[in-house]
Amino acid sequence: MTGTVAARYAGTRVPRVEDTRLLTGKGTFVDDVQRPGMLHACFVRSPFAHATINGIDSRAALALPGVHAVFTAAHINPGVHEAWHAVAGRDVPDTPRPPLAEGEVKFVGDPVAIVVAESRRLAEDAVDLVDVDYTPLPAVADFRKAVGSEVIVHEAYPDNVAGGMGGMPPDEELFASAAHVVQERIYQQMYVPVPMETRGIVVEWTAATSELTIWGSTQTPHELRAFAARLLGIPAQGVRVIVRDTGGGFGQKVVPMREDMSIMLAARQVSAPVKWIEDRRENLMSAGQSRHVDGTVRMAFDADGKILAADIDFVQDVGSYPTPYPVLTTAAIGMFFPGPYRVPKASFNYKTVFSNTPGLHAYRGPWQYETLTREMLLDIAARKIGMDPAELRRINILRGDEMPFFNPNGMPYDNCAPADTFEQAVKILDLEGFRKEQAEALAQGRYIGLGFSAYIEPTGAATGNLATEGATIRMESTGKINVYVNGGSAGNSIETTVVQLTADVLGANIDDVSTIQGDTAVTPYGAGTQGSRSAPMTAGAVHEAGAILRGQIVAIAAQMLGADADAIELADSRAVLIGDREKSVSFADIAYRSYYDPAQLAGVSPTLEATARFNSQAMIHWANATHACTCEVDIVTGQVRLTRYIVSEDVGPMINPNVVEGQVAGGTVQGIGGALLEQLAYDDAGNPIASTFVDYLLPTATEVPTIEFGHVEIPGPGVGGYKGAGEGGAIGSPPAVINAINDALAPLGVTITQLPATPAKIIELIEEQAEGTR
Amino acid sequence: MKAAPFAYHRAESAKEAADVLAEFGDEAKVLAGGQSLIPLLAMRLTHFENLVDISGIPELQGIDRVDDEVVIGAGTSHALVGMDDEVAESVPLLTRATPHIGHFQIRNRGTLGGAIAHADPAAEFAAVALTLDATIEAASSRGDRRIAASDFFTGLWENALAADELLRAVRFPVWSGRTGFAVHEFARRHGDFAIAGATVAVELDAEDRVRRVAVGLLGLGSTPHRGTPAERAVTGRPVSDIAADEFGRLALSELHDIPADLQGSASYRRRVGAAMVARAWTDATTEALDA
Amino acid sequence: MELNNEFRVAVPSATVWDVFTDVERVAPCLPGATLLSVDGDDFTGAVKVKVGPITVSYKGVATYQEKDADAARIVLKAEGKETRGNGTAAATVTAQLKDEGEATTVVITTDLAISGKAAQFGRGVLNDVSGNLISQFARSLEAELLGGATTSTAPTSTAPTSTASPTATTPTAAQPADSVNLLKVVAVPVAKRYGPVIAAAAAAGVIGYLAGRRNRTAAPTPSAELQALLTRLLA
Amino acid sequence: MHELPVAVSVNGRPYRGTVEPRVTLADHLRENCGLTGTHLGCEHGACGACTVLLDGQAVRSCLVLAVQADGREVTTVEGIASGEGELSPVQAAMRECHGLQCGFCTPGFVTSITALLADNPDPSDEEIREGLSGNFCRCTGYQGIVNAVKRAAERINEGAAP
């Protein structure tokens, strides 16, 4: 290709372009948006997990000065035209999802009505005055009791089963005859993304021009726009979504939810912009649930510890109103259960079931249960066989020279070497050293342990609307460059990433490149931040648009330098004649010629901008990692202290190691929270009992160890060989932590199989074991 | 999460505050640091027509040594208590309890009087007051009175103050001689409400016998408690004869209202509580032996 | 949540029956309750529950679902809504009387369902509050039954945690602080009229209180083990 | 409910107005002073995102009523960098150490760390982690933030103003 230059910025720890505004309080999050005459919305939410709505009396609320409207399902729900989500597609049969509860509430926090008032304070005053007449109904709060329960969550699903699927049936003969067979029932609690910025939206409807403008907190500005147009049945070109900063999403902000629908619909009935900012209690009560799976996993091994077969049979809670259609995404748990190992036979079977709890939504590594259960089972197996868990993994984990490798469920692993990250992690850890230390500690009555976790992860999956990503790159009249992508800064550093990539593809100095993202009026369509796709997909888009623009720049430069295009390379924001560096022309001069002196172009096109929509030919970019965690358990209090944490990962060549490590560390700590602290707990009646930060325990700096990183950079199949890095940390860490605890407690004969591993639960198990052996 | 409306009264003096309380009774609530009250108001878990802000009253601020007591004004912040030299010298238990209270941003606002009046069973300063048999000074338009800490904590978040009474100051007795002090607590995360905790003050005689000992228990009931049976059992005994674990178990042996919640069962709290007492006992006696 | 309370009063069951079937006398026994209107077996009322700084006020209706003289059973059903906020409370109170001649044993079983913010409050607060509330209700009923009397028979309880004699004398148990406090907060009139009785009743209350919490509270160390601990300590 | 006059000095600039007593300092800063850098992550004093300096001390602005700040000095994240926009040592270290991602919790960390280092310019690792434990971050896993505190401390000990 013409004018190709070596990367200068990709692979380096470039400081982020997002940081300066965010560090000085100049970011723009949705709650920072003020509009003239803006009104504030607050939802009336169900106090019952399950109840009939007999009537709603809004008179007292409407009588409160400053209250503009109270909307119920009767006002809002009929406005829905289409409500399907791109990730599932238009034709997939979907589960019910009314904007406001109709006739019946199905979980505590179910939105029943919207109050619109002059301030959030007033709106909350009015919410207390809306009198909803309920008849409580029995609720099924525990999804493990939902199948066949007398309590029915949705009429259309009399057995409470949303769906399910099975692969090949398990080879029972093999399980019956294998040298070693392990089986365990493992329960993963409900824990959730908890972005520090809750959900929120500002919707402004201009009836005269039929224009809808939305300021959102979203991972997918363009899909929010497309969804709004579909929902309201208005032309997409009349809808504009503007998102500058989003305070974290982790899956919770991928698709518009019922509250977003309700506000969009309500805004059309109010002659003013409407802002809804979720408060933290609402976020923990109503935004949705994730994880929460119960299942039985089995593995068969030969006498040497080689895996012969793996089987998983599980039930996933999808709550009351899952978003989007949950059945297919859950299949990934079954498909990936064999993991990064040489597994000849695999089988899976699952059900997704409704319960009177908030609906299932995406969360960083939605299929994480496959890694949790597989890695926990491997450690349990190792102890049973009498092998070090590291050794058991070593003899089963896939090597690079075995690629491509099809796992028994047909997953085509390639461009990776799980054994490499595993060996690197073992090396960083110093396995022998630790086992020695562990023996000495035990002799002194101290319980320390080590846990491994390895996984292989499909990143940047090119399916449906996730397969393409658009980019527009423009050289402005000053010679400076602007790159436009869907983006939406949600913490994944996508602004910095595209600036780095654009500078490289154009040979520009990084300070000459800026990016504009999150405004659908000026950015091309993209699927946004989800599925660990931002790096590989955006790289493809920037590469294609950049190649076209580079050709345009080179053409003008060639004409200006009177040289052949092939003889020109771009570097340091200049076009230089190869072999005669004295002869060069700056981007500024090239832009001047194009914008202000086109007569001199002698037929060469003045165009200095390009738009391309990258269509990934790589179906999946396989990333993988090995986590190693060490801990000490205080067997008096049950307190777990993590002492070392190592992540060796392969996300392909790193565009920016800071960003990769930041993503990995953030995900890892979310998983540590899921292993030890976080639980969105419900009582038997379906009341949420962890709806504040006093009861929902996020990890803080004092619970988190220093994370040591190892990098393996095996190029993937896509542009630049980049793979995704967004979800891995959250997938790998829970089993590493649990395995470390189980390793520490092994001398006591204690094995945790129910998460989270709270101090109280650890002590309960230790005491039970003591009772039993007494 | 916005509070319902209320009227706000900024009191310039304790008398002014007491007058407002006398006027509104149950419909008024004292606002000191607000670190517990404001969240309850924001979540609309409670409501008062009137808040009486005492945070700006000079006479409620400050720490004084008066004879064998350290008198701390109700409005003195946790942070000031924690960094005060007189307190560190004369009532070290307070100094050592302070770092366990929330986080430094909370300690900058929260007040000693507020923490004790709020009477949270897991509140460190409440437990220290009970441990050291502190005296609470109450003021009202009807006059002043003093309440022994042992009579002050009457229930979950309930205290012996009448609706028109203001907590003006707390008087902490100074322990002298061969003394040792320790605070141990166990919480899910640093700064969380303790699942269980213990404060131990001990004084030894020249022969290393326990002259007096006081054990405070946090998070192990509707109020802070004393480990009376353990105190009784070891007084007059040589330290070397006392097994810390037994001491810990004994300290909790008469507790009957240990709570259970998401963080653990009553029996788990009992186990952890006993361990915290044992660890605090060991630290406190070690310190006293070296004194 | 089910809460159980039991007490024995030196009053014939006929008298107990009269009190329990007279809402005008039963209602005031519920802490913070005020009776607003009575219409046969249906009535409306308000309840203000106060725990330190937290106050939740309910307004609602109640009815006698059952007044079975032969079975000596009274079932009272009450439903209320928060006057601020959208929470609710519903209780079915069953009183079973056991005629023992001059005395009567009363077993009160309360099935309580609370919704809204109060039900979501963490740190086990709801259990504490309801436990106190209902045991206080039972104690006040007992006081009401003993109207005028100055002594009451020693309370009994079926609770496994009942170790009245050793514990009742200890500071922690002799002041069931929260219940005494509930007396202060919500049952002042009763307290004034029957001060000494309440004191005795309070002790009974501890037991009723523990009975209500039997599933959550470990049995206190029996005095035997206490002795054992002491001897080991001083060995 | 009738409003009360409030006069606060924020980042050296006086703001006068009247507010309902129930309005928190955080809401007052955001709604009436136009300073939206102070973020609300929980509104019950747990997450630390709304931390500001009140008379130089770090406090949760969601747990202070605006009327309580009357006549006092407030420093928000907007007031940490120099007037010319030069990042403070804490802000610069946060950037160099990748101490922020989505940036929502960042203002609370910047103000908290600034106060932390003013009190203790040479904190140990344990003191750093304890000092940070009142602020939640969901993106970074705290790795970059802990490193940023160390680096900022070095800077300050080399003579830079916190």
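Note that the chains are named A, B, C and D in the order they appear, and that numbering of residues resets to 1 at the start of each chain.
Please note the rule applied: contacts are C-beta pairs under 8 Å (C-beta built on N, C-alpha and C of every residue); 3 or more make two chains touch, one makes a residue touch a chain.
Here the structure is a predicted model, which means the values were calculated and not measured.
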Comparison of A-D and B-D (more C-beta pairs in contact): A-D
Chain located farthest away, centre of subunit D as origin (C-alpha): C
Subunit A and subunit D, separation of their C-alpha mean positions in angstrom: 28
Between subunit D and subunit C, distance of the C-alpha-averaged centres to the nearest whole Å: 49
Gap in Å, rounded to a whole number, between the CA centres of subunit B and subunit A: 44
Residue numbers of subunit D (touch at least two other chains): 20, 22, 43-44, 129-130, 133-134
Per-residue overlap in subunit B, given as positions that touch at least 2 other chains: 1-5, 43-44, 189-191, 193, 262-263, 265
Where subunit A touches two or more other chains at once, by residue number: 121, 128, 279-280, 689-690, 692, 694-695, 700, 702
Residue ranges of subunit A in contact with subunit B within the complex: 120-121, 124-125, 128, 279-281, 636-639, 677, 679, 681, 689-690, 692, 694-695, 697, 699-700, 702-703, 758-760, 763-764
Touch list for subunit A against partner subunit C, complex: 44-45, 47-48, 108, 127-128, 130, 132, 134, 136, 285, 683, 685, 687-692, 694-695
Contact set on subunit B toward subunit A in their complex: 1-5, 43-44, 186, 188-193, 195, 262-265, 268, 271-272, 275
Residues of subunit B that touch subunit D when the two form their complex: 1-8, 10, 31, 34-35, 38-39, 41-43, 51, 53, 55, 79, 99, 102-106, 108-109, 189-191
Sites on subunit A touched by subunit D in the complex: 13, 15-16, 18-27, 29, 31-32, 121, 193-198, 245-248, 250, 279-280, 489-493, 658-659, 661-662, 665-670, 692-694, 698, 700-702, 704, 706-707, 729
